[in-house]
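Next come two complexes built around chain A: one with chain B, the other with chain C.
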Partner chain A sequence: MPAMAAPMIAVFALQFEGCAYQPPAGDQTCLGYLDGCRTQSRWQTTAAAPTELVIEEPLLQDPAETPLASRPFRPRGKVSKEQLPSPRTAEADKSAKLAALRSRLSLHQRFPLQTLARTLVHPSADPNPAFNNASLSMLGSNLLGYYTTEYLLSHYPRLPMPVMFAAVEAYIGPRALATVASEWGIEAAAEPGGEVDPGLLQFRRLRSGEDPPSPAKRKGPYKWNITTTHKILQSDEFGSATRPPAAQELARLPIPLEEAAQSFVRALIGGLHLHLGAPLVKRFFRDHFLSRHLDLSTLFDFRTPTRDLSRLCAREGFEAPVARLISETGRLSRHPVFVVGVYSGKDKLGEGAGSSLDESRFRAAAAALKGWYLYRPLEVTVPSSTEGGLNATRWKPNMIDCGEVIV
Partner chain B sequence: MPPPCKSLLLATPQPTRLLPRTLPNLQTRHESTTRRHKKLLALPSTPSYAPSTTAPTLIFNPPSSAPSVYHTPLKFLPPTDKRRALYNAALTSSTATALSAHRSPVATPGTPLSATSHLPPKPSAKLPAAVRAPYEKTYHVTPEQIEEMRALREEDPGRWTRVRLAERFGCSQFFVGMVAKNEGAAGKVAGEHERARSRWGSRRREAREDRGRRKAIWGRDA
Partner chain C sequence: MPVSAIRTVAKAQNGVGAFILQCKRLDFHYCDWAGSSRGMNAFIKSSLPKFAKRNPQIEITVSPRPNKHPVIIGHYVNGKQKEICVKNMTNELVLGKVELLRDTNGEKDKRVNKPVTSINESVRGIWDPFHGAKIKI
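So, the complex of A and B:
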């Protein structure tokens, strides 16, 4: 067994020195939010609070008027940790896991551990929107969708919409976010509660082999007439046909790990935006999401590439494409190889190899179409780079293509 | 009569050593001893695959591959793209180099000496042969002929099939199907095909399904 060094506790001690976070009035620790005339204070759990007023409107009413059964459970008076649905905010400073996570992600010391702890609480563990990550997750989801789509649209202006949706899902889809969370070393609590370490992902677990309850399943379609235009206008950023359940519908319901992990990653992005600002979030997004390798050329699925290429050449005013045999070997053998190029006039558009003339012609046409769709401009200024009046003079309009080939 | 040489004796099958015909042919090795045979088979590995040092190292030896689809062809670049000028300059310079370089007649393409040349090939006006004979669309069918086509198809779809109409008017069968579609005849033919498919055995059906799957792969991974 190799010799083991003692853990570097001094690192955490240094971190604790710099960030003396003062929980504001109305924090979970002082339980002042239970006072009926101080409804305002219950939103001041973290600095992110004022933006989340839109999440659950019924809670804005006077708690005295709301029926007891519908109110989220918060015990009165002096309570033990075990009675709370999620850890207290003050526990965040004592958690080594949270400090380690903040260091591992190279986040600035200005980002409070209290917010980091809140991003780890899923509504299925704590239904109170002042203490779970639903609001941050919604903000982060919108930011992730914005940054990903603007990157793809300005760097690959000719990408067809189905490929665009697939690429967005590959970058920031639920499964990709769950993978990112596991690569960051996020561990899940076996059961949520006030006594668990706030550095663990808190959600109510779905037992293995069980189906999620019906409110936690995806809903019916946004609209029955599903076209590409509807997917762009009505659906989410992935162009999905069905609607995911809202965060507050998942309160106290057992959910799979993937659902909780993706809500954590989104909430972290939202929290970073509120505490550190957009430029740092863009850098974080570049480092952790755009750096993931995605080969866009594998997302295409052509059915009639030869016909599509003919239509494309007619639309753009090129000569009609002609397949020409560049080289061949073993025509009369069991394993022949033909290399066919598609030419328009004297220019070669694409090249493909196959074991029959038809196959190589088909593959060459598909390669030519990929060459068209995967065009990448040399100079790109993404719209978000000019936010706040920065770099506004260096703005250059991006190329906008007239769209994919429609046969 | 002198005795035949030893190797001929070994090569000639002896009647006593004949094997039953049901057994497969045995492997012959054409070397007299095991040592010589092992020495023959102990080939040095290809230099590019053998690491030069004993320490662990990376061997990068990619095969020659198809052109990348991320290299947009010149024709697909928008007119404002800077790469147009760069591509044109590179083409001009390589053509000039190839035309100005004097090449000995012993090093013409097709000879072994031409392979070692680092110069670009001489530009040639000739393109490779087309896979299928190119044709020009003629658009010669008149509206009156289209009406006649429809009338014939309506009158006797059994006799005036798509093939016969295409032959008579000199157009493609696809065009006949577009202008004079007959639902009844199409359904009848589809039913015949369906009946024929239902008589297939498992081997033929699986082979056809596999062919369809292979074809679907063509468009996914070019």
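So, the complex of A and C:
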């Protein structure tokens, strides 16, 4: 890793010299913002690159073999900024937006702005895999899934699978990631291109009111008979029945903003992992994702809680649950209140209040089930904490539950 | 299916894990000729570089706006913006306004009536007449 100087993001000296209009950094409409054509080969990898180093772009495939439609657009020779699909790598050091974004997210100075700029380029803007964020996004998606599921599985070992999928989706699902990106203050470019500030999210915009093109839509079910086992083994980390389109399929297609914002967040995690290593990514994940508020008890949606509870008690060898009235008021009035407890022998499993005897009984059973399913062990070792040299902790086996009750 | 799940999104709690400064950009507009910009020009020359160095999270742009009063515009993460006209202000007063723009979250000022606002459930729970010691009449 070459030593990198901190970028200068204070006021530019040239802004004091005369009255010449300096457009704000986000102003793409002003033509004075675009400087003239310059001959420069684009160079970009995930590693930090010195700007004076000029390397020819590697040719991935023989152009003669690939059909014209699938060959990525890659201008050669003298090209102006406007002809490029995404900004040059060298522009990243000059972008105040990128430097501000890195500081806003408290990222380490070792994380190069060039990679941060690359995470902002969606394949729909630049189909060339050497310049877009598709690969980083894939890595980041796996890391996010790993850290979230290991946290939930070890901290809530009895969580039913549907609730587990919903919890993972609440933390790192598509909507959650798009929200995270907007809360980080990500701005999107009106139209991608080489002349755009690299600190803006670049993707081909879907016009408002239009449907996304069919390749950009989610693909039909993997299988028609989808079981929980199938969701665990073959589906994604959210247990979805349908498959999102691969990044390559989105090349040059108009997509919604949320799609690009998600890919940015995932790619940022991937880039952080490559540059700073797993411990810092874990800290970043803890600070930005696990710190979000999610009340797991609100995710449950029981159909027949009383039947589930009696099956659970039978499975665990408890006495059969009995509902008893604890207190009541206004039985013959317009708004009665009953407080019902569910007891197994002498132990009270749960309690609920409702305006009818049945309603409060169901609530009590649901409270009892939540008390069982939301059990949280006191000491937990997540698998990823045993990775890495010095900071690694010793593995202590976690509790594993036999799973939710099957009715 | 004994239990199904409700899909939601976890809520952000800025400052609980990471803190994101809500001001993302400050635009400074000044005029070289007019007297009302004198303090602003002094601020841009003397204090703004230091301010920018202390607050690297904020993108700072400076641009002249001839024959107009000087103005500072703050852009926020929630998409809103706040403008403050700093005509005839001294360097220190301008700095005060800049810090005010930096520290706000971009939302409109609103009256806070309750001492505590929280998304967490109360630890003690809500009182109800059905539990605890019964009152004998």
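Basically, the second predicted complex is superposed on the first by the 336 of 407 C-alpha atoms of A that agree within 3 Å, B and C clash if a C-alpha of one lies under 4 Å from a C-alpha of the other, contacts with A are read in each partner's own complex, and residues count from 1 in each chain.
To be clear about the criterion, contacts are C-beta pairs under 8 Å (C-beta built on N, C-alpha and C of every residue); 3 or more make two chains touch, one makes a residue touch a chain.
Please read these numbers as outputs of a predicted model, since none were measured by experiment.
Chemist: In the superposed arrangement, which partner chain does A:Ile326 touch: chain B (first), chain C (second), both, or neither?
Modeler: Both: A:Ile326 reaches chain B and chain C.
Chemist: Under the stated touch criterion, which partner chain does A:Val79 make contact with: chain B (first), chain C (second), both, or neither?
Modeler: A:Val79 contacts neither chain B nor chain C.
Chemist: Between chain B (first) and chain C (second), which does A:Lys348 come into contact with in this model arrangement: first, second, both, or neither?
Modeler: first
Chemist: Could you look at A:Phe302 and tell me whether it touches chain B, chain C, both or neither (first, second, both, neither)?
Modeler: After superposition on chain A, A:Phe302 lies in contact with both partners, chain B and chain C.
Chemist: Please determine whether it is chain B or chain C that touches the greater number of chain A residues.
Modeler: C
Chemist: For A:Ala170, is the partner it touches chain B (first), chain C (second), both, or none of the two (neither)?
Modeler: Touch partner of A:Ala170: chain C, not chain B.
Chemist: Please indicate which partner A:Ile400 is in contact with in the superposed arrangement: first for chain B, second for chain C, both, or neither.
Modeler: In the superposition, A:Ile400 contacts neither chain B nor chain C.
Chemist: Just chain B (first), just chain C (second), both, or neither: which does A:Ile232 touch?
Modeler: neither
Chemist: In the superposed arrangement, does A:Leu390 touch chain B (first), chain C (second), both or neither?
Modeler: The answer is neither, since A:Leu390 touches no partner chain.
Chemist: Shared contact residues on chain A for chain B and chain C?
Modeler: 298, 300-303, 326, 353
Chemist: For the complex, give me every residue of chain A touching chain B.
Modeler: The touching residues are 297-298, 300-303, 305, 318, 322-326, 340-341, 343-354, 357, 359, 361-364, 366-368, 370-372, 374-378, 399.
Chemist: Show which residues of chain A lie in contact with chain C when the two form their complex.
Modeler: Interface residues on the chain A side: 9-12, 15-16, 19, 21-26, 96-97, 99-100, 103-106, 160, 162-163, 165-167, 169-171, 173, 175-176, 179-180, 182-185, 199, 284, 286-295, 298-304, 307-308, 326-329, 337, 339, 353, 369, 404-407.
Chemist: Show which residues of chain C lie in contact with chain A when the two form their complex.
Modeler: Touching chain A from chain C are residues 1-14, 16-21, 24-25, 27, 32, 44-45, 48-49, 52-53, 56-64, 66, 76-77, 119-121, 128-131.
Chemist: Sort out for me which residues of chain B touch chain A in the complex.
Modeler: Per the touch definition, chain B meets chain A at residues 66-67, 69-78, 80-83, 127-132, 134, 215, 218-222.
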